[in-house]
């Protein structure tokens, strides 16, 4: 099996682990972290294709990952702030209870 | 991988020659491993001993700074009455720490409680990997060395949190949060004070930064960054931020032993506590080494005629000098309050570091100026340092003058 | 300007650093086991029992087992058993004496109340601070033999106070002798015997003031002890 | 070469899976940190040094701290609720959905012939080159990301800040 | 010593530094902020003089220094500095007048609590204005242009606690923004057509032959050349900034700001920026001159707008009673002159008038400020009067300014610059209407200035404040004197006999003077007209001074309707409120009407029709179809219930659906692709 395939397998499995986690857990923080994992899986893909792609000298994959990391950091900050706001409102952070637009 | 030393005196080349000689004994496929292992062992040995003597030096120096004698008793155990100026004190301390009972609270998270001190030592040792200890004497040559340094340094925060949380003691946890708040808020000025150097040198690699400071004007004015306006000021900011980052007095309020019983380390005793202690000194040494590399010319000799002294000796001398300064500051300054601490970081150091970044940019842009324009360059750069310093320094005390103290009189 | 204070402080400690190597007068500590700094006279650690004669400590204890100290002691570390018979005390009057007098110094907090309330100037505060021991019951629970210290020792640690006490006791002894003479002179006059005690009280103060005024809390002369004690409390 | 990759993969996937299964939030957060460190190791393995250190600095240093603070600030009444039938059925459905996606992706990857198996040595991209690219062709994106981070920071502060009680006049 | 063009940025950087210092100093740091501002201004003046010296070595050369600002994808945005006599003269003027006004402000704003902020804003303004002057890129110019607008907004609204000041600031900001929109559009169009915004770039700049040729060669909507369209859009910006008709309404209101601000921004420098802009892009504006088949030349529009503004401003100024408003409308009128000069092809005359006007108008405003300060902020000329005695220096300097503005011949600078414009208008071969308008404005200018001086300084004090006025301190009078000297002396830089300034601006090193008699007829005419204006003013206001503050103006008695209209500023504000304001209201009302009656009626009709059908249907339904429809509707409701189950508010559910959707799409793609 070529290393590229291994990398892609790793990334897709990590994506699915993140997905299952986001789907199965009721804790909003863990759901967010699952989503973070999915983002990381995408980053792994970028790096893998940069490494084994036709034009590694361009560095587009690396730059894309850098931007994705920045965006993920922003997402984590805002997401967790939202979690705290939800907690203050409903005294727990179970995602399935956060289903009202009003209140 | 192996850098062969072709230049310099024998002393200069000695460590590399020695290493290569030892590596030759190993079979070829294992040579890379041996190469690294030797480096690791050398660092552990040198800085382990360095740590041991830093502790005793700190205690003796603190004593002298406060008109005391400091430890001077510990001698050799098998010679009755030997004192050796107390130089064997650290070994006695080590024996004590090792033989003390290791208390783990019943409710603690055993695994994390154990892992925290191990991790904190590991991470603080990792930062040594990118310090250039001498000419061609750097454990790992990395292109993004500074980034690596800060990445490894920021991982210690995790260990602090683990220590506080795993103790299952709400005071430890709160103290860990305080420590984190301090370390995180001072990471920003620390990095911002480093960025100007990166900007001027144009590289994140520590060895290149050290190399860039080589050379002398007229043979006796070294081209160290600390001798430029922005570099001097950046060095000051770096010193303060490094003090805060390594939890040293006057910023030692996360573990203020008199008020908080060592904060997040309350539930640690014996050897684990000693590990934290060690990690703290390693962190201090690493940050000092970084400061030496970035601002004090790394392993470069101060004068051209002193170049015969090997580069690693210069590095160690500067390192000792810097740690000496830290000890001096500890022996002099009072502990800050938490509000003063955060105000200093956000209202003073961060804006100043940003202005200094602009200053360094100006310096880099005007590197072509010569003749009388040199004076303009220096003048503007100094004004950019002094003006904001005075203005923001005034703002720091909220427009009030010096505080007057009234003492209880009887 | 910001930072000038820091520089000043650094200069001070730097001066300390340099000075500590050539100016012994700067040093604030001494090399303890070899050198010792002189303790202040009013330093106190744990109680001791004063006896008059070092050769016969048990026979010349000033203590009359009145048990006031035992009652006053806040942590209650004093234990006293009275004797059945009487012996003459420092003033020559026959008094009870303690058969058991024990102080648990591991409980004692060194407050010095016992010494203050003692009407007979018997219990005083010692200056010994090296009391580390390996066994609590033999070395920290002190009995009367271990507690008894001769008056000369008391003089060596608290010279001023001891001089006052001695003067006071001498005066009391003198008064007692005069009283004895007066009693002998008025042996026939039985009716006058009750009246002698009262003039004696105003007679005492003139001899006491030069010393007693120095310390306002010092107990009144021994002969009048029970009364002065009730006044103090 | 591949052995190292497999070890890293096991570390990443194992810690991620365990982290998502644990009931103790702190433990799972710390395991996530391990997972992120593993991903950084993967970047190192692939030769993307700068990205690896950035990953450590941002995820291990910063995001983990935010997560831990959030966990501590939202402490549940006690422990986690017991496993109830509802969460079990949700878990099963999640497994089905995740399994479906995994099956599709793995099938697609394995079914695609990839002829790059003989890749040369890891390409080197120096920090200077990355910096040049960032300040050159991607300058606009860099500016926008800077703006985004600023806005996100302010937004996070505003969202998480405690609303000041509006009845200050009544109180005084 | 010469100033290299690379270092031209120093000129705007000095005031910018002062602004930063001012912003950082605490409120108490009055001395520091003011000192930094004045020092920076004087420093900038010195550097500007060096720049002027450099520029005059070879007046024809356009010294430029361009640099890349940042990469934008594949393109590179470049900015740059430009040094030519136009820039250099403007810089010297701005820094010199600016320094004097800064010094004057020391005295004028002494008692203000926000003293430090004032100097910070002034410095910011000066930095932006100088940046505008040295820019070699329309983009940089536009950035500074907007910064200038911002500083103007801040300074007009400096006394923001006065509602009128706040409103005036808002009005100025919004009105100029309308013009700026045109400028921005022109800028974008220009970038789109030429791919550059640099003025001069070694042959590739937009003001150089290659670009101009291509711009003039293309025809766009309405048969206009592209250069004409872009020029007109850019002129929109100038209309807004320079207070030209029809966007002049903000300028008189801007007098709510402190008087030094009015002097600096709304008389000498910022409002002249529009004129400067047109002069700067003059090659672009005049690129269509050679074309004959186009319906309109850009400069023709400029000339007519300028003529209208000049006449209108002069008319309105006659009927104003506020000392600063009179000067404001006079500024509008003079700016109209400059635009007129630009339009008729003599940009040199426009710039000459700009420079002289800057000095004497600054002088007049500062004089007015001196009066206002002395009279405890009384600005109504009906309540002033008799100040000639107590305020000798102010009176003397104000009179010099007034004569310069009126164009009293030979000694004062105004006459030379105005004469140049009149000659240029005379020589314009398209129409003589602008010349006639300009000549009428000459009479009116002399008239209203005489009125202003007579009302303010002659007669006797008509209010308590005016009675107690006394001369101000030296910090305020010395700038007046210096400016007065300049208002006289400056004219001799460009007399027709020795047009040194004009020659340098045109890039010539030799001065070709011609006799004063050449075109002497027009000159005699204008001298006569000035004399008529002065005499008329003195006859009406000077001989019989007003006795009480509420006594009627003789002109109002003579022509009450006209004067009322003029004093209401010809109702432009009301007009805009009535047109643009109403337009919105009207559209809303129309929409409401359509809704209510047309669509509502139609819908009502349909409803009625439906009702009728319904009645018919009900009969049919109830009698037969009922059962079938019941079943159908039940089904629909049931399916709705099923679908609404998807809207659970359960994030997990949504995510699960996304995952399943992905799986399905992939399956379709993969299987479909395999087939």
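Order as written gives the chain letters A, B, C, D and E; numbering starts at 1 within each chain.
Here is the rule we go by: a contact is a pair of C-beta atoms (placed from the backbone, for glycine too) under 8 Å apart; a residue touches a chain by one contact, two chains touch by 3 or more.
The structure presented is a predicted model; accordingly, all values stated were derived computationally and were not measured.
Q: Using the contact definition stated above, find the chains touching both chain D and chain E.
A: A, B
Q: Based on Cα centres, what is the most central chain?
A: If we average C-alpha coordinates per chain, B lands closest to the whole-structure average.
Q: By mean C-alpha coordinates, which chain is most distant from chain C?
A: Max centre-to-centre separation from chain C belongs to E.
Q: A-E or B-C: which has the larger count of contacting C-beta pairs?
A: B-C
Q: Quick one: chain B and chain C, Cα centre-to-centre, how many Å?
A: One centre to the other, that is 57 Å.
Q: Based only on mean CA positions, could you tell me how far chain B sits from chain D in angstrom?
A: 30
Q: Could you tell me the distance, in whole angstrom, between the mean C-alpha positions of chain A and chain C?
A: Chain centres of chain A and chain C, defined by C-alpha means, are spaced 79 Å apart.
Q: Roughly how far is chain A from chain B, centre to centre by C-alpha average, rounded to an integer in Å?
A: One centre to the other, that is 35 Å.
Q: Using the touch definition from the top, which residues of chain D touch two or more other chains?
A: Correct list: 50, 54, 62, 69, 90, 93-94, 97-98, 101.
Q: For chain B, give me the residues that contact two or more of the other chains.
A: Correct list: 394.
Q: Two or more other chains in contact with one residue: find those residues in chain A.
A: Answer for chain A, listing residues that touch two or more other chains: 19, 23, 26.
Q: Who touches whom among the chains?
A: The list of touching pairs comes to A-D, A-E, B-C, B-D, B-E, D-E.
Q: Residue numbers of chain C touching chain B in their complex, please.
A: Residue list for chain C touching chain B: 1-3, 6, 9-10, 12-14, 16-17, 19-21, 26-29, 31.
Q: Touching chain D in the complex: which residues of chain E?
A: Within the complex, chain E touches chain D at residues 70-74, 652, 656, 659-660, 662-663, 666-667, 670.
Q: For the complex, give me every residue of chain D touching chain B.
A: Touch list, chain D to chain B: 26-27, 30, 33, 49-50, 53-54, 56-57, 60-62, 64-65, 68-69, 72, 126-128.
Q: What residues on chain E touch chain A, complex-wise?
A: Contacts found on chain E: 648-652, 655-656, 659.
Q: Can you name the residues of chain B that touch chain C in the complex?
A: Residue list for chain B touching chain C: 61, 63-69, 328-329, 331-333, 389-390, 393-394, 396.
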